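As written, the chain order gives the labels A, B, C, D, E and F, with residue 1 at the start of each chain.
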Amino acid sequence: MSLFFTAFLVALITWFVATAMPMFLRWSCYFGGPLVAGLVMGLIFGDVTYGLKVGATIQMAYFGLIAVGGALPSDLALAGYLGTALAMSVGLEPSAALTVAVPLGALGLLCFNARMTLNAVWVHKAETYAKEGNIRGVKAMNLFASQLFPILTYFIPSFITIYVGSQGLVKFLAYVPDVFVKALSVTGGLIPALGIGMLLSYLWKKEYAPFLFIGFILSAYLKINIIGIAVLGASAAIFFAFQKEKEVV
Amino acid sequence: MSLFFTAFLVALITWFVATAMPMFLRWSCYFGGPLVAGLVMGLIFGDVTYGLKVGATIQMAYFGLIAVGGALPSDLALAGYLGTALAMSVGLEPSAALTVAVPLGALGLLCFNARMTLNAVWVHKAETYAKEGNIRGVKAMNLFASQLFPILTYFIPSFITIYVGSQGLVKFLAYVPDVFVKALSVTGGLIPALGIGMLLSYLWKKEYAPFLFIGFILSAYLKINIIGIAVLGASAAIFFAFQKEKEVV
Amino acid sequence: MSLFFTAFLVALITWFVATAMPMFLRWSCYFGGPLVAGLVMGLIFGDVTYGLKVGATIQMAYFGLIAVGGALPSDLALAGYLGTALAMSVGLEPSAALTVAVPLGALGLLCFNARMTLNAVWVHKAETYAKEGNIRGVKAMNLFASQLFPILTYFIPSFITIYVGSQGLVKFLAYVPDVFVKALSVTGGLIPALGIGMLLSYLWKKEYAPFLFIGFILSAYLKINIIGIAVLGASAAIFFAFQKEKEVV
Amino acid sequence: MSEQVGKQKKKLTRKQLIKTWLTWISFAQMNYNFERLQGLGYCHAMTHPIKALYEKSEDIKSALSRHLIFFNTESTWGSMIVGITCALEEENANNPDMDPSIINNVKTSLMGPMAGIGDSITQGLVKVVLLAIGIDLAIQGNALGPILYVLLFTLYTVGLSYILFFQGYKMGKSAIINLLSSNVIDKATDALKIMSLMIVGGLSASMIRAKSALVFTLGKTVVEIQPILDNIFPKLLSLGALFLAFYLLKKKEKSPTYVLGVLFVVGFVGTFLKVLG
Amino acid sequence: MSEQVGKQKKKLTRKQLIKTWLTWISFAQMNYNFERLQGLGYCHAMTHPIKALYEKSEDIKSALSRHLIFFNTESTWGSMIVGITCALEEENANNPDMDPSIINNVKTSLMGPMAGIGDSITQGLVKVVLLAIGIDLAIQGNALGPILYVLLFTLYTVGLSYILFFQGYKMGKSAIINLLSSNVIDKATDALKIMSLMIVGGLSASMIRAKSALVFTLGKTVVEIQPILDNIFPKLLSLGALFLAFYLLKKKEKSPTYVLGVLFVVGFVGTFLKVLG
Amino acid sequence: MSEQVGKQKKKLTRKQLIKTWLTWISFAQMNYNFERLQGLGYCHAMTHPIKALYEKSEDIKSALSRHLIFFNTESTWGSMIVGITCALEEENANNPDMDPSIINNVKTSLMGPMAGIGDSITQGLVKVVLLAIGIDLAIQGNALGPILYVLLFTLYTVGLSYILFFQGYKMGKSAIINLLSSNVIDKATDALKIMSLMIVGGLSASMIRAKSALVFTLGKTVVEIQPILDNIFPKLLSLGALFLAFYLLKKKEKSPTYVLGVLFVVGFVGTFLKVLG
């Protein structure tokens, strides 16, 4: 596949997931962007196993990302689809890929915010149509007009990143000393603390803190996986909820 | 040992455990019939190790069997003593033995019910003795008369099963395809779900369901054995019982 | 190092830890006497690894030792410093060392009690100084006078034990049969039950007994170490403390 | 309390009591039948106190008839009722004013609760735990499995019934009524449920054997389902089998034999379709 | 309730309802923007009932304008609000006395609670658990990882929103108000926190990779710190990294990007100083 | 509060306070004895504030005598009492109307509770946890074991006593009385018990070594008992040893030395009879 075409495809997918994908799919494909990108980019770049590993490693940083009330802490379309593609195109180790994707996700907030600001225009247009009773007009504003700005804010930057950036990055990486690569990998291991820390901030309630440590021990000492911990957690939660209920009654 | 004598011995033991054994021994030897039969039949057939494995495997199906209010879900004398003997006499794999023993246990309900119906006769006779103040008569009804019908309903069918059935079964098994044997073994693995499901039905209380899952995880993930789970369960139970007590006071 | 000098050094250290060491260090160096002695005596005898093992093994017996209200169940300066030194000087196996050190700790109560009785003298002297408003006198009673008797009760017995006792013990051990050594080691394994039993007596509260068993299972079945158990214990404790608080409010 | 001063009070000897208890725990279900269940067994046990306490033929006849009534309980814990009955018969023998119908009232009102708690503990707990030990040893070919099982279980039935029988005799009916009116039994039953449900969970993971034989081919690589399931949630299929049985028994109220049939069908069809294996 | 006897009551067909639901769960955030957030998406979904219920141009115009109001919620759980709105519009179309402003009142009062519970469950729980499975498979190079993840998550969003939408339509506003005034949601949120905090604990041990590269030389022996830490408290540094992030986010109220920067600095400095590795 | 307007109020300097604290945590038990226990140590510590606050010889004499009273507490947590006493002496020096006997009342009423909580935490918890780490390292021949143990424990005693001393000084007696009258200490003690009992359980499994050497011959096969016990309930004998010691200490109220003797007898007899090994 020519670099041009690859860049085109990556940009198209990134744009689509970021803004045009039906909401019921977005929940998985956007919030699990890197994981899904691993498979998609693996197919595009012709190495599924490598893709899966890169995607899964990047995903770890976004485990606990919570987007509440329209506020996005990081753009997962860019971090995921563009990030995985960029890392693969220069052949980074999965653990180092994280440190390429994560800054993309942070920068991606610019794209997101631009679109969030610009798109208000179409609501006002829709308001005019509404006053005229023009249902089709209202629909068109939501479905089609809404996609114009994102092409500017998502498609074009993504295309350039791959088409121009990947070559630059390859050259750059040739000069990077070993300890730097090691440091990237170490940092990659730390970054999941951000996502999980965000989740923790969202959930935090002092009197339930003990369960945080119980979950930690179950994993650190006993190697129980997340499903197992979830089942134990649900058991504890349900039992104590019942107990309380009875107290009240 | 001649087949006749073996059949006689097996039938005698089956009958004895089913009906004549003192109650305080019945609790172990009847409800743990297959397990005990493993040793007993192992001695009779001259291969204790094989017997123990067959018996223990069959026993798994009856782990959770609960006989409440005179209602028996399966006859454990037949499933255990006769079942183990039959399986051993035709040299079945322990995992397949289960599928021979379990139907015997189900059929055994016929024997059990026949006896439960017929034995009422002796109560009426005892009533007459009671009205005469004849203590010895009352005792005799309970001790000896009660054993007459069970000879019909337990001893004879058991004897025939071994004396005639085992030879038939050997011939039959020669024609059985491999996949069938495999299926028997798979089914054998599923059957304990029945006994444990019965126990669960008996114990079920919605608000304590979490403990079911906790016990499951302790075994499935952490390989804690039943004693360990019982100790943990007792600890939880006692602690919460104490907690509640204080609430009331 | 000559035996005389070694004996002198050991006696000096034992005396110092027993009575002259600043309180804030005593908490670790006295109550963890054997553990610390392992390192100290290892350096003196020139075999740190051996010393550490002997000390750590002896320490196990005193895990749970609790000294409350001035009552000491065993003297840890003698059991620890003198005990480790004596065991090392005759080259005992770590597991057998315990059975040399523990009786020393028990005998050590004599030294402790002697000192506790005699030292009251200086308080009366201090009282006289106080009535005279002589601050320096009061200080001197606490700092210096207090060290006179302990030299009698700690230094001298310790010196003799090493200088004389170790040679005697070597000769004695030559005649000891193998089964006796084995028995010493078995007993060494049991002795920690004493210290832990003392801790348990101190902590015992019937309604919290379940947690004893939970801790036991966590260690026996799941090999969770003490820190892990402490974290789980703290989690449970904090959660239930919070629960109760709410009940009251 | 009777005040028959002068007349010597009748009292059962220890030997007579032991005989009664022994008869009960040996022969309670000897003539088990649908009409009276343990009725004849109960009467058999009571022949010892009856012989000892009553002289008049009339009294003996009515006492024997009295104890042939329908009766059913869990025999170990139910020993307590037999003990209480001994105390009541003693009182009846000494006190001509007592209404003997009270004896059967006590018996029938206690047999239910005692069966409830007894079945939970004897069958739901003690049996299960001891069987777990026994099976574990036996499956390795160790004969100690069944031997330990029988010894420990018999120790339980004999030891506990002995204690409860004499407790019952000593405390008479009053203490039992206290016990039942307090909510101790409710609490104990609840505690037992917690414990037993954990055991049931553990059993279903350790005793039910269910594995998938499914294999997919994704491109060139062969993907086996069972190791993936093990990674995600070990013993998931065992749990599934348990819930299938539970669902049929509890929600659909099917008989055990029906469930047995279903399991056979699942096992055979699953094997033939190479889904299970 | 309207009493327009004679006049046929207007009712949304199942097909119209399904179209509404589908439009919502597909296009709720299509024109997401800072001014109205999901406002235009909501209006888009409501075009179906509006077309079906109103004939007069005036009614259509005011209904369309009504639903362009600011709106934001978690779209899966928020489907319930759309369902309720359908019921309300139906009532409004049949009952000329109804004050239509009630519709937007209901919408805005429900969108907060629904976002709260929905975000906790969809993002905090379902996503996390499914991602854990997916990553676990993918990291081993198994393509089932992302596939299972997308399938199961979509099953959740589609299935749950379908159920909640029709529940909302059936129960109307009364039931929801009951729900909110009872403390069921508070309790559910509490239970969720317990469960999710355990998961967070587990994630931090399994997902955060932090190891010390420190090595001491004590006399002749070389002492590595990491194995000692592992012996004392495994994954201690992972827990430390979590608390660093948590501290900055929660107590210092720093932005995620700031924390990202800190983690980069820690990672690089730690590596260069040979403390981490 | 004194109202000595005009006259400069006496105040202890930070340096004087630190000297007092340091003397206390260094020399509290220097002249430990059965008659007054830490009495002389307490007086020694108080010489610093006494020198600083009083000028009149009479005042100095009575203050010195006052602090020679019987005193005993856990020295780390007890630092708080010394801090409070400093505040009280300060008040006494400034307020001629104050009754100085209140000072000793406060001391003696606080020493018990502080010893209770201090002993539980310092000896029952901190020591045990740190020893566990230390022993674990030392037994592998790692010198960090005792070193870490001493460092961390000293950090605890010095750090905590410093904080509590100054807390006590700042809050004076009122705050402490609040603390004691609320049930915070009761609850904390309860929480500590839960935690410590779990640790005791863990210790008994990991620290008590007890194995059976019994071997049976059943027919031709040799059956070792220990592996069977391990299968049934690992470390059962360790638990047994714990309960033996506990039973003797708590129920029989035997001395530790007696229990030691029993353990020696059990160990030797058990080894000779080849039951233990």
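FYI, contacts are C-beta pairs under 8 Å (C-beta built on N, C-alpha and C of every residue); 3 or more make two chains touch, one makes a residue touch a chain.
What you are looking at is a predicted structure, and each value in this text was computed from that prediction instead of being measured.
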Between chain C and chain F, the fewest steps along chains that touch one another: 1
Intersection of contact partners for chain A and chain E: C, D
Result of counting contacting C-beta pairs for A-B and C-E, higher pair: A-B
Remotest chain, chain E as reference, centres from CA atoms: C
Matching chain pair for C-F (criterion: over half of the contact pairs shared, by residue number), options C-E, A-E or A-D: A-E
Rounded Å distance, chain E centre to chain F centre (Cα mean): 50
Mean-CA-position distance for chain D and chain B (Å): 14
Approximate Å spacing (C-alpha centroids) for the pair chain B, chain F: 58
Residue numbers of chain D (touch at least two other chains): 133, 136, 142-143, 231-233
Junction residues of chain B, two or more chains touched: 48, 208-209, 211, 213-214, 216-217, 220-222, 224-225, 227-228, 231-232, 234, 236, 238, 247
Each pair of chains that touches, named by its two labels: A-B, A-C, A-D, A-E, B-C, B-D, B-F, C-E, C-F, D-E, D-F, E-F
Chain C residues touching chain B - in the complex, by the definition given at the top: 207-211, 213-214, 216-217, 220-222, 247
Partner chain B, residues of chain F touching it in the complex: 219, 231-233
For the chain C and chain F complex, residues of the former touching the latter: 19-20, 22-29, 31-32, 35-36, 38-39, 42, 48-49, 52-53, 55-57, 59-60, 63-70, 73-74, 99, 102, 106, 109, 115-120, 122-123, 126-127, 129-133, 135, 138-139, 141-143, 145-146, 179, 182-184, 186-194, 196-205, 208-209, 211-221, 224-227, 229-230, 232-234, 236-238, 240-241, 244-245
Complex contact set, residues of chain C against chain E: 48, 225, 227-228, 231
Chain B partner contacts - residues on chain A that touch it in the complex: 222, 224-225, 228, 231-232, 234-236, 238-239, 242, 247
